[in-house]
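Order of writing sets the labels: A, B, C, D and E. Residues in every chain begin at 1.
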Amino acid sequence: MTDKPETKFEPVIIGFTCNWCSYRAADMAGTARMKYAPNVRLTRLMCSGRLDPTFVFKAFAGGADAVLVSGCHPGDCHYINQNYKAMRRFHLMKRVLVQMGIEPGRLKLLWASAAEGAMFAREVNSFVEEVRALGPLNWNSNHVHTADHVMSVVAEGHEHEAEVAA
Amino acid sequence: MSKPKFAMYWAASCGGCEIAVLNIHEKILDVDANFEVVFWPVAMDAKYKDVEAMEDGSITLCLFNGGMRNDENEHVAKLLRKKSQIMVAFGSCACEGCIPGMGNFSNVNQLIDTAFTTLSTDNPQNLRPQTSYEVPEGTLTIPTMNPLLKTLDQVVDVDYYMPGCPPESHQIAAVVELVIAALQGNAQLPPKGATIGAGNSTVCDECTRKRNVKLIKEFSRIQLTHPDPELCLLEQGIPCNGIATRSGCNARCPSVGAQCIGCYGPAEGVVDYGARLISAFASVIDSENPDEIDKILDGLVDPAGQFYRFNLAGSLLRGSKYAKNGA
Amino acid sequence: MKEFAYFPGCSLEKMASSYHMSAMETTQKLGVKLNELDDWNCCGATTYFYIDELLAYTLCARNLAIAEKTGLDVVAPCSACYKNMFFTAAHLKKDEDLAEHVNFALEEDNLHFSGNVKVKHLIEVFAQDIGPDELKSKVTKPLEGIRIAPYYGCQIIRPQKEKEDVEQPQFFEELISAIGATPINYPLKMRCCGGSLIISSRTAALTMVRNLLQSAVDNQAAVIATACPMCQVNLEVYQQQVNLEFGTNFSVPVMYFTQLIGMALGIPNKKLGIGKEFVAMAPTPLAVETAWGLPRKTK
Amino acid sequence: MTDTITFGQEISNLLHAAEGEPLKTCIQCGTCSGTCPVAGYMDNSPRQIIALINLGKKEQVLESNTFWYCASCYHCTVRCPQEINITELMYALKRYSIWKNRYKEGLIGPTFSEAFVKMIVRGGRSFEPVLATSYIFSFNTREFVQEIQGATELLLKGRLPLLPARIKRLENFRRMIGRIIPMGGLE
Amino acid sequence: MDKKDEKEKIGVYVCHCGTNIAGVINVEEVSTWAAENLKDQGVVISREYKFMCSSLGQELIQKDIKELGLTRVVVAACSPHLHEKTFRNACKGAGLNPYLCELVSIREQDSWVHTDKVAATEKAKAIISGGVSRVVYHEALEPLHVPIHPATLVVGGGIAGIQAALEIADAGFPVYLVEREPSIGGHMAQFDKTFPTLDCSACILTPKMVDAGNHPNITLLTYSEVEKVDGYVGSFVATIRKRARSLREADCTGCGICWEKCPKKVVDDVFEAGMGNRKAIYVPFPQAVPKYPVIDRVNCTYYIKGTCKACEKFCPTNCIDFAQQDEILTVEVGNVILATGWDLFDTRRITQYGYGRLPNVFTSLEFERMSNSAGPTGGNVVLRDGKTEPKVVGIVHCVGSRDKNYNEYCSSICCMQSLKFAHLVKEKTGAEVYNFYIDIRTPAKGYEEFYHRLLEEGTHFIRGKVAEISDATRLPSEEGKLVIQVEDTLTGNQLRVPVDMAILSAGLEPRHDSKALAKLFGISCSADGWLIERHPKLDPIATMTDGIYIAGCVQGPKDIPASVAQGAAAAARVMGKIQQKEIALEPVRATIHEEQCSGCRICNNLCPFNAILFHEDRMVSEVNPALCQGCGTCVAGCPAGAITGTGFSNEQILSQINGLLLLNVPKKQAVAA
């Protein structure tokens, strides 16, 4: 592989932010003129709890190389605790993505308060670098042999059943 | 006046849909009385060239089951589309890929490897099927596999969708009745693109189990527990897909104590069936601690299989409509 | 029968052999088996962490890896050994990078540490695994009337591991009560004995020893109980030098807690290594009172 | 991309278990010094050492005896309101000082430490009599006599070993150490 | 995403924001690009302008709406948090529903954070493309209108709650003031003097308590707790448990004979902070409002043994009622003010300070009671033996505050409180006083002057956090004293200060049950337990839940003037709301489509505002739009896709993703994807 500098891979990242903390963190980064990589395009939701896994899958299916999900810190949600629901979905989504042949590193969850502009900028930069290292999303070549994994778990389950029966 | 013409075809499917059609009992006689069956490979001898010879639009109703696994499937789908007035994606395979669609977790080479090299296969010379092969008599060909299995509507325009694996016989009977009534001018057909032979809501709508607010502390596999026969299965930690699966089957599985596995596909307007389930299951996990959440999720042995058993070919991530290198 | 891997540490070979003897005797009597680790090495003391952190972790990890092979939790009687091994295990479990480096070195001795060993101090075995109630039920010669100063020292308790009380723990007192003696409350029970400063900064260390002895004596302690060979040496062996340095007249016996427990369990003195002290403990409680008098103020 | 690294960063990098630069969060409250049993003997209190590090006064810190007086009692660490592991900081400073081969004159700590380390590398276990030679000659006469008296008594009570202890798999052990530091460096 | 049948007419407006945007992004190029490439989406006009938010810029949009018949507007400028309202209003002015306008940010999220001009310009195109795709699916919305009930519920009868209640009641609106203890007054009633003016606390508080007790518009519910809150801004329904006082208030005159005659003494660890006693039937303090006592059933002999009834025997009006039951009241209110105050940090947690072990270590509240002339020692500052005056007193600042082992925050009142203590000790005993501090924080009016006064009075100030307080004496001068060990950080000296008495200036903590309170009222509280305000600077009074306000220490540690100010401010906000008679709510709401809902109940507990109701009879769930806050969690969670969320619908967001990925643009034009 001979990568010329001008053909450096620029990933496209779709970001989902909540209206109250993380979008404001992005605003804050702007107001403070902090610089970060231009690869992330943000969508505003009212709350990270609004994040429907469909949106994430849609972004990947539509050609995004990675997806950033961002919300208020746990315990600080402006809708009490909806970000925990986002967190739970994030965990399950990640498992499904792996089975679908998408590297888990392409989905990132970032808690950012409205004051954490600098952190937001820093995290975006490091995420862009991480995704750049992963290369373009090409998940059809990343078929994961889920069958092996599943069969081993199923076998375990059967052993367990046998134990129960005994 | 001659009777309206009827066709039924199976692409990548198991044949269960045909059996379901025959399973409508005496109503099958109405089919025979009202239609002239012109093409139905399972039931009668027919050649593609006979179909090719027909006039475009001469078949009134075509029930097409099976997914688009290879170029032959696609060829027949396009052919029948051209010849038919009403094209129904019949059964889960045609609608959303169904079990054959699970092949989309793997690429073609992996599928062939699995079929020809696993222990149960006796293949000492490690042979692989070729799409064309020269013999003294000429060239032998078999159809070429598609990189991903496609649903019917990813290949041709579809008028109606009839979900189910297979569609429930009572629903088939109702649809047949409706079409006959419409042909006689006694009823109106639903708008194009509609799902027929199914409900508007999800399986829970028809399920009689008692239900409460849901909080899941542990997922368990149904064979490892003794679920309460009265209570919602999901509340008991059994991953029942009924919440997201289109109604129409009279909650057949939950009513006999098995969890819904989702054969009726997504509800109206849903973009990605699995995403709905991921969101719903995860939302009601009863923990705010990431480690504990992970532990609870370990109870879902094969999440992608759980959520996409029937819908993989219609999904955002593994449907050929979206997969960049798929089509 | 409870079983542990046992890491005696260098001091217990000779300098604190009585601690070793009494530990083996008492645990045996209380139904706990200590299996000495095969071919253990020095834990590195605090000194190693001065020079090279990675090397220090490796030394501890070698012992942990040997222990891991036995499938048992490892027990250390010396506070410094305990602290080093406990935090090495904790760091290696948390820091994959560090674990990789360390395991690379361990390969030379065909060892691998995967983080599955719990490290305990000997006194925790008595306080938690045996427990004061069980201990009390086995006592045949309660040390009634003897006022014992529990000396915790530093590295059993500190640094903090979870959210346990690091300022006023009580488990040592409970053990003393269990053998029928009276634990005394004195303010310096958590203070430092000076540790290795006895070598490198003698005056400072002797002052610390002086303060500790004074606090114990002011509160009428007949004996100081320790759970660390370093503390024992500093408090006992250096008593003469404290007396010379500060013109005091201390003569307080400093015993390992296992020796005191052993006495209460009726184990003969000789088996407990009693007789190697600089300041002998009086044979009976009465004698304690008369031999050293109460209270014994100096200066 | 910073080309220069501050003294504070250098020290922070040596704090193994900490993240970032914990010393920067010091509020100079003095809890550590107030708690320290040896603070009276130090030329700079632990609090002052942190202030000096944060100011970048490398020379002053290296000239200080503070960290060589630390007894590793961890009392400051459990009380620090900013949860700075001050004891580990003292270790880090010792390491730094030994690596740079710079320490205040007349201290026993550095030579003692090196002797100890070499001893373990040789035998795998500690042996007090050899160790004693590393420090005993720096004592004044009175201390010297006291130490010898104490040692004699220990010997008589059977508490001093006469022969150095060694571990069995010494060769493996040495090679193991060799993977961490080249042996030549210490032998 | 499939396009809708009827094509919208969309106008795109790209702002230069002077050079803020145009300095990095090629605005002209972006505007032309949008006009050409987003035609298929319905873009009929694309313009750029120096300052879109100026009146000229707004007129430009309005003119196009009128002349070109625009049905949708996309403005690419600054963050929607800044000017969304502006542009929506501009559209409204031209007759277009304001919710058909979308503002996308190419300043905060593009020109200000990127330096690469080409990349920034391309990103701006993608952002606008996303906005255009999204706006197609916007719906015309109308704000929701909710009527406001004129009554207010104030929870907590400390100074903040009293102030709020009085302000609202004086304006002529009804108030329910609920207090857990038998009397209102709160912590302020326990104090002797208040800093920095040293007014007598009772002298300034009692009149306000009496006013609150007598006010015709205030319903005082003491010894009561709110158990349940339903409803939403404008019409909350609160369920209040009025605990049985075991006497008929209507007959009680508050004469005091009952508690004189009561034989059962109880240590009072609430009002007297454990320093004094009360009886089993008691009023917490003489000036209590209301004046009626309560029987403490846990300690009353009658309730324990079944005999005694001394109070009943001696009561001249025969008002004692042992069989009295708790009363459950439901009240309807339009707004709620929470002013439940604080708890004192438990100083036992810092074992090295010896509280509870060393008798002469006192907490700040203990000292408050001790120095109060109506308190257990009659205002004498004495040691635990009750008679010896201390000769040396040490006051320890920051106890439990500014310490990650306990509470990381500064409790903000302890410095001034400690200075006050120092003054009082000196005044009452003439003792030497040492203040041990990390920093002296005296930022309010008159505070620094008070500090100077203390310096002049000769109080010793030692800068250093106390390491420990012990009875480990070493020198003859320390004999029988407490030794405070500290580094004087200004000189670097290690000090051992022998004192007779140590006072721990303990920090303020959230009420132990503040998390339950937050849950009850559906608002958020920080990890510490302080309730979270809508905005830390610009809206410290309101919460994220409309109609619920916070005042005083429930929001964070503060002193009396600040608590009073917040109480009054909360009242002003409530009165403003009441005057509006009805309020408009943002129409971002979720709706459940009944025919699609299967009643699976997944969504039911996804809503922290209890806005989702399950109808057992019809087996469907329904969203109450007035309770719904529009977070959208249920929309994302519904497995049947039966819930839609206005303003953030699936179509809008999916379409925006398409736009952001430039999937809506003819292939050859797609840039840098």
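Just so it is clear, a contact is a pair of C-beta atoms (placed from the backbone, for glycine too) under 8 Å apart; a residue touches a chain by one contact, two chains touch by 3 or more.
Keep in mind it's a predicted model, so treat the numbers as computed, not measured.
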{"item": "Mutual neighbours - chains that touch subunit A and subunit C alike", "value": "E"}
{"item": "Topological distance between subunit A and subunit E, in contact steps", "value": "1"}
{"item": "Chain pair, C-E or C-D, that carries the greater number of C-beta contacts", "value": "C-D"}
{"item": "Remotest chain, subunit E as reference, centres from CA atoms", "value": "B"}
{"item": "Most distant chain from subunit D by Cα centroid", "value": "B"}
{"item": "Intercentroid distance (Cα basis), subunit B paired with subunit A, Å", "value": "30"}
{"item": "Distance between the centres, which are taken as Cα means, of subunit D and subunit A, whole angstrom", "value": "45"}
{"item": "Chain centre separation in whole Å, for subunit D relative to subunit B (CA means)", "value": "72"}
{"item": "For subunit D paired with subunit E, centre-to-centre distance based on mean C-alpha positions, whole Å", "value": "49"}
{"item": "Residue numbers of subunit A (touch at least two other chains)", "value": "52-54, 58, 62-63, 81, 85, 89"}
{"item": "Multi-chain contact sites of subunit E, meaning residues that touch two or more partners", "value": "352, 606, 633, 636-637, 650, 654"}
{"item": "Junction residues of subunit D, two or more chains touched", "value": "40"}
{"item": "Every chain pair in contact, whichever chains are involved", "value": "A-B, A-E, B-E, C-D, C-E, D-E"}
{"item": "Subunit C-facing residues of subunit E, complex", "value": "350-352, 357, 470-472, 474"}
{"item": "Subunit A-facing residues of subunit B, complex", "value": "105-107, 110, 114, 147-148, 221, 223-224, 271-272, 274-276, 278-279, 281-283, 285, 287-288, 290, 293-294, 297, 300-305, 307, 315-318, 322-326"}
{"item": "In the complex with subunit E, residue positions of subunit A that touch it", "value": "10, 12, 14, 23-24, 26-27, 29-31, 33-38, 41-47, 49-55, 58-59, 62-64, 75-82, 85, 89, 121"}
{"item": "Residues of subunit D that touch subunit C when the two form their complex", "value": "14, 16-17, 37-38, 40-41, 68-69, 71-75, 77-78, 85, 87, 91, 94-95, 98, 107-109, 112-114, 116-117, 120, 124-128, 135, 139, 143, 146, 149-150, 153-154, 157-161, 165, 167-169, 172-173, 175-181"}
{"item": "Interface residues, subunit E side, partner subunit D - complex", "value": "352, 398, 402-405, 438-439, 463-468, 485-489, 492, 494-495"}
